[in-house]
Amino acid sequence: QDADTVVKFGMPQDFTAVYTFVTSEYNQGQRDYLSLVNGRGGVGGVTFEALVLDHGNQPQRGIEAYERLKKAGVLTVDALSTPVSRALVPRAMADHMNLLTTFSGRSDAADGTTFPWVIPMSPMYWSQAAAVVSYMNQVSEGGLKGKKLAYVYIDSPFGREPLPVLNALAEADGFELGTFPYPSPGSEQSAVWTQVRRFRPDWTIIWGGGIGQTVALREAVRNGIPRDRLATGVWLSESDAEIVGREQAKGVLKFEAVASGREPKIIADILAEVVAKGKGAGPEEKVGTAYYNMGVGMMAMVVEGVRLALAADPTLPLTAERLNAGLTSIRDFDAEGLLPPTTLTPEDHQGGGAGRMAAWDGTRWVAKTDWFAAHQDLVWKLVRAEAEHYRKTGE
Amino acid sequence: MLLGLNNVEVVYDRVFMAVTGVSLQVPGQGIVALLGANGAGKSTTLKAVSGLLKPERGLVTKGTLTFDGRDVTGLAPAERVRLGIVHVLEGRRVFPHLTPMENLMAATTMHGDRRAAAHRAEEVMERFPRLRQRARSEAGYLSGGEQQMLAIGRALMTAPRLIMLDEPSLGLAPHLVDEIFDTIAHIAAETGMGVLLVEQNADAALAIAAHGYLIENGRVVMSGPAAELRDNPDIRDFYLGGGGSVDYARVKHYRRRKRWLS
Amino acid sequence: MDMAFAGELAINGALVGLFYALVGLGIVLIYKASGVVNLAQGALAMTGGYVAWAAASMAGLPGWAAVPVVLAAMFALGLALERVVLRRMTGEAPIMVIMVTLGVEIMLRGVVPGIWGADVKRLDLGIGQDPVFLGPMLINTAYLVGGAVSLALILAAVVFFGTLQGIVLRAVSDDQVAAWSVGIRVEHAIALAWGISGVTAASAGILWGSVQGVDWTLSLFLVKGLAVAILGGLDSVPGLLVAGLVVGVAESLVGGLLDPVVGGGTRDVVAAMIILLTVLVRPYGLFGRVHIERV
Amino acid sequence: MTPADPTSSSAPTPLLVCDRIERSFGGLKALKSVSIAIHPGQIFGLVGPNGSGKTTMVNAITGFYPPDAGQVRFAGRDLRGLKPHRIARLGIARTFQNLALFRGMSVLDNILVGRHLHMRPGALPALFYPFWARPAEIRHRAVVEEVIDFLQLQDVRDQPVEVIPLGLQKRVELARALAAEPRLLILDEPMAGMNQEEKEYMARFILDARDAFGTAVLLIEHHMDVVTALTDRLLVLTYGEPIAEGDPHEVIARPAVVAAYLGKGRSRAA
Amino acid sequence: MFYRRAGVRHTSYAADRRLWPLAFDRRLILLLAVLAIAAPWWLTPLYLTAWALPMVIWATAAMGLNLLMGGAGQIHLGYAAVMAIGAYASIHLARAGLPFELAVIGGGLAAAAIGSLFGAAALRVKGLYLAISTLAMQYIVDFAISHVPAISGGAQATLQAPPVVLLGVIPIAGDAGRWWVALAVAILTASFLLNVRRTGYGRALATIRDKDYAAEVIGVNVFRYKLSAFWTASFIGGVAGAILAFCYYRAITPEQFHLDVSIQLVAMVIVGGLGSVLGSVLGAAFIFAVPLILNMAVLGVVEAAGLDLSQELVAHIPLAAYGALIIGFLLAEPLGLAKIYDNIRKYLMVWPFRHFG
């Protein structure tokens, strides 16, 4: 049966609620990449199919979608939602399903020995925050010592996550850390920024998603925070800059784990072989945006995992177990320049934690550094401690 | 005839038939009394005329209503008021959080002329001086009699041609009952309005009415000039207390009920 | 404590509170007319934001020029909702009708982003982003404009309820059947309330959409609007004003002063506490009318 | 059924004593020093123009609007500070001028709640219904059936209470009050909106209730024919002040009462 | 037709007080119970674990809320917070070594204690003002849970539920076992609620629903019964939350109990039918399943018709249709799904006639 030659990926994602700001672009990238590969005849004798469902960020719908996709025979599930991923962890662990938690989900899932079935494949928030601080440390004259760093974050587990890293680095680098939470979703932050202004930070990190980010960026501008002293993790996009005003946003920094823009070869290929043929999964103007490329990059990694799995054993059908082994044997994969060279191992599900800093130049994100990973020793200390804690207490 | 009901049937909740074919006529002048036991369908009949069945999930399923020669069966309540039909609801139903004056003014939406409305309000206040005394209080705190006056006054504000009163004497002290009935009689005589009066106080109602209908189980079982009805022995027995003096302390235990089932 | 700091927090908070009151205004209008709490008010605000964006970006109108068009469209939407959905529920228990408005909210949340896309849209009204300085205090220009618009609309509502039309609306909210019985076109009165609520919702959606961008999260202002409306007393327009200021200032001040101490976003909780306490002390809100219950 | 001449105030201890009750609402003095005494088995009439404070008096007794001044004693007990439900427990039941039945419940259930203070309902008995709640339910049901029989409500027993005619609803409310087996029954205009025949029924029920259970009755009514026939003693209020008290036939003949309350029209008879 | 009423005679009060006087209804209930118990054998794992199981738990919760809203007339917009208290308390208790049953009951008690504390607000305020007070409760509980790591479980704010072991000896590992546990709790709750309605307790609650002054005159201590209603409903909510945590989510996080869940619960009660046990079940099924069904249906239609719609639109159509369905059902029958069922039943009962009387 030719069903064996079709490998299915489950994409229950949030198209209607909290994650609307990212999902459609991200998912478009994922599907366009699969179209690209399928158009070229697939990999190792198999082609790919994306099964997309909306879970509206509700755990119970996520679970239903997960069970449905499991029955449909998918080899991975990518929920792109912190709450849903968390609700899926116990099931994925019991079912031996590859739960992809790219840019979402728990940071300690980087520990593959504790979470063999949870695969982030991307720099966790701890790595992102560490990289941002390390960049600041480098570009400030005299380093961060004696400087003030403001951390303005959405008051949710996601926003609080970087705190241990930041605290540890404040100690190590000798800067003063001011923390400023705002309640979710962050539509209104004036009181917070009044405090930030008075704190007179040398550097500011904002940590949120969607409108929380645009409002933060606006308030930062209004309160006279210099934009080139303002940075964030992966969740800032072209459209955020658009809303704030292309010019007003100029200079703001972000950490990117996937190159943005249309220059990377894969994106150019997609434009030529998929979009130009009218097979694009969404509006053409979104091709090459930061979130789109994130979808492409992570899908490229999964396909690479499939390739490796089939190279090791070409028997069809492919199983989730063998894909898991394939994924964790990815070595120095960079998706033709789209990604930092990434190595996944059964122990390290994060893939090195590398990325680069990019700045908004008024029209696009421009890389300011090479790919780099920072403070991985510290990050892994936290990962191991948390994973240990999980194993002991189930928290 | 000002108002004519022709074989009207009303069903509540799609299942319960409360009025099963009522026909009656109200002339443009004078008082018509509608009598009947509890639950006979008097209020339902009035609501069918004023169009207020809908909020209670009631529906006129058969028959026609004509007002001034015009078929009004399907008309919205507010439009019927514009034609000149007004209904003083059972239980007074004043607007509790409005002052008496505001209660009156709220009933003038159909008149463009503000001055005339103000004038009419003045007339009502003349007729019921008590309302002026309580002018600052919210109507919800008025006593029963005051509320009844306000309800009648409010109805008069619409400049009706037919006023339907549903048990206006309910809960009123005797001297007020007199007063209200006097007022009704006056209104009917002076202003040339048709009055359809539903009453339990049959004695008082038949005293001022020209004509009467008796309704039982959703059917008209008897009708005729008020004087005739007053003399009917059954009506005397069941509605007028056997001609006036009942000794309540000695009423029989279980009286046989007479039904006018046709 | 630093006065300028507290002052800035208080002023910006007050302006935001006025904005909440604007969302609350639509809720109060509909409540006053029909005794129904409109849970779709947030979604209406969102719709207003989207329509403004569509008018501006598709018809190519400048942001401010789109505003009257949008207000008219939203007035019509309010009327339409009343006509098509709510009118059929007249006379039903309020809780059911409230549930229906929740249905409307869900539907709008599906239809509007479904048509125009769920990604965040930019809406530029031409309000400058540069802040206004009051001495050392920084005041957000957009908030200033929003606060002024809210204030104007709320005051207009106060005046309106003194007019005959206002009395009629109050009569309708007191007793619909009695209102019918004296010739009030209850449906029209309620429809009018919905139309105006559509307009206030649109104003809110446009104003805030220009601050944060337009997407479905605009509908979340429902909760704030509701809180302010209830705190003020569901049927009191002046109450809205006071409650809006109370909630806005408290959120801002407490958030500003307490957050650094406890290390958490206390704003929502503080608002919740204020509401809880106030309602306990004044069971009908600050200015709500007392239910007359004659035993 | 010969009530021990209740008009004589020499009867030993009154069941209910209200001593100089005052109550105002805002600036309005609704009750200005009203005193009454009701003896066991007595039917006491309270009349007066609308707004004269009759219902307020009832509310003062039953604890809804506690008096601002004055004292209420029931069976020797001071009612000051007691909540309405505590007062109900002492044996005072009442009906309301504007019906207060529980909509959405059947007639039967409405009367069954009247038994509340003789039951000990709770969540646990309901959880273990078969052995815990059922025996009690059936016992009380039997009592209620007697009341239903007594007031001839058999036909409507299972109807939702809001669809039966007003007159029957009033009867149901009376049944609910009687089901509590009160020592004092307060009836606030039980005959409003009734025709002759129904009034006669109601009169009979009130007398029967008094005779069968020895209940004292405080009766507020505007139908003067009923009041004079049923009551043993009558008090007339206007503007919160008593203007006459005594034998009903004698009282209603007083000019002050005629002027303030009765008028001289045709409704005198009705 | 199917529901023969003729020939049903009651000869004792006990028979008259039966829950289902009609033999047909009793047989129907029995059949449903058998089907439910046998579900693991005739339902595929997908439908058992991702549909039936959560539905039965939501139905339990909806019943608890319905006791409060339908039974006692108190609106509650923070019921998910009550469930959260039950879930967190029971999991912490179980992790501290308490047997499963005790942990669940402990969760219920904790929810009841805190829930009735908030219900104290109900003693002062009514209706919508009460609703907003309970909404405030939702925020306060949310805040407490997510800001106290000791409650929510460390930096990741996730707590794994310990495995379910019945009576300390029978381990419940499979889907079927978890289903039976949840089903048992649901049936227990349902029978409790059905009994409540025919006892003095239910009647006392009903009296405070619309006329609390009338409740007072018949000796109902409104204060006590309101609190008791909150207590009982919160207890059920806490137990439902615990079952949700143990049998369904198996790992709990604060988001699982946010405001939108509370609103969904209220929707279940109202769309289902206030005061009706059947309504709670139907409402829970409706609110839970309709988005899923619509999702699949829209996908199916789009695919079958070969429509080229954007993923966004496809994802939003179900949401819009879901809202429209809620509106549609309430327009058709404001008293909820239970009333619709009842109408059909009545229709069949009098068939071929049109109405009673």
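Structural remarks
A, B, C, D and E are the chain letters, set down in written order, and residue numbers restart from 1 in every chain.
Definition applied: contacts are C-beta pairs under 8 Å (C-beta built on N, C-alpha and C of every residue); 3 or more make two chains touch, one makes a residue touch a chain.
Chains and their UniProt names: B, D = ABC transporter related protein; C, E = Inner-membrane translocator.
None of the values given here were measured: they were computed from a predicted structure.
Counted as hops between touching chains, the shortest connection from chain A to chain D is 2. Chain centres were defined as the mean of their Cα atoms; on that basis the chain farthest from chain E (Inner-membrane translocator) turns out to be B. Chain C (Inner-membrane translocator) has its Cα centroid 43 Å from the Cα centroid of chain B. Each chain gets one centre point, the mean of its Cα atoms, and the points for chain B and chain E (Inner-membrane translocator) are 47 Å apart. Each chain gets one centre point, the mean of its Cα atoms, and the points for chain A and chain B are 74 Å apart.
Mean C-alpha position of chain B lies 29 Å from that of chain D.
Along chain D, residues 64, 96, 98, 100 each make contact with two or more other chains.
Contacts with at least two other chains are made by residues 213, 310, 312, 315-316, 318-319 of chain E (Inner-membrane translocator). Multi-chain contact residues of chain C (Inner-membrane translocator), defined as those touching 2 or more other chains: 109-110, 113, 117-118, 264, 268, 294-295.
Chain D makes touch with chain E (Inner-membrane translocator) in their complex at residues 62-64, 83-85, 88-89, 93-94, 96, 100-105, 109, 112-117, 119-123, 125-127, 129, 133-134, 136-138, 140-142, 145, 176-177, 180. Note for the complex: chain E (Inner-membrane translocator) touches chain D at residues 13-14, 16-17, 191-192, 195-196, 198-204, 206-207, 209-211, 213-223, 228, 231-232, 275.
Contact residues on chain C (Inner-membrane translocator) toward chain B in their complex (touch as defined above): 90-91, 164, 167-168, 170-171, 174-187, 289, 292, 294.
Taken together, the chain B residues at the contact with chain D in this complex read 12, 16, 35, 37-39, 90-91, 141-146, 167, 169-179, 181-182, 200-204, 207, 238-241, 244-249, 251-255, 257.
Contact residues of chain C (Inner-membrane translocator) toward chain E (Inner-membrane translocator) in the complex are 37, 85, 88-89, 92-93, 95-96, 99-100, 102-111, 113-115, 117-118, 223, 226-227, 230-231, 234, 262, 264, 266, 268-269, 271-273, 275-276, 279-280, 283-285, 288, 291, 293, 295.
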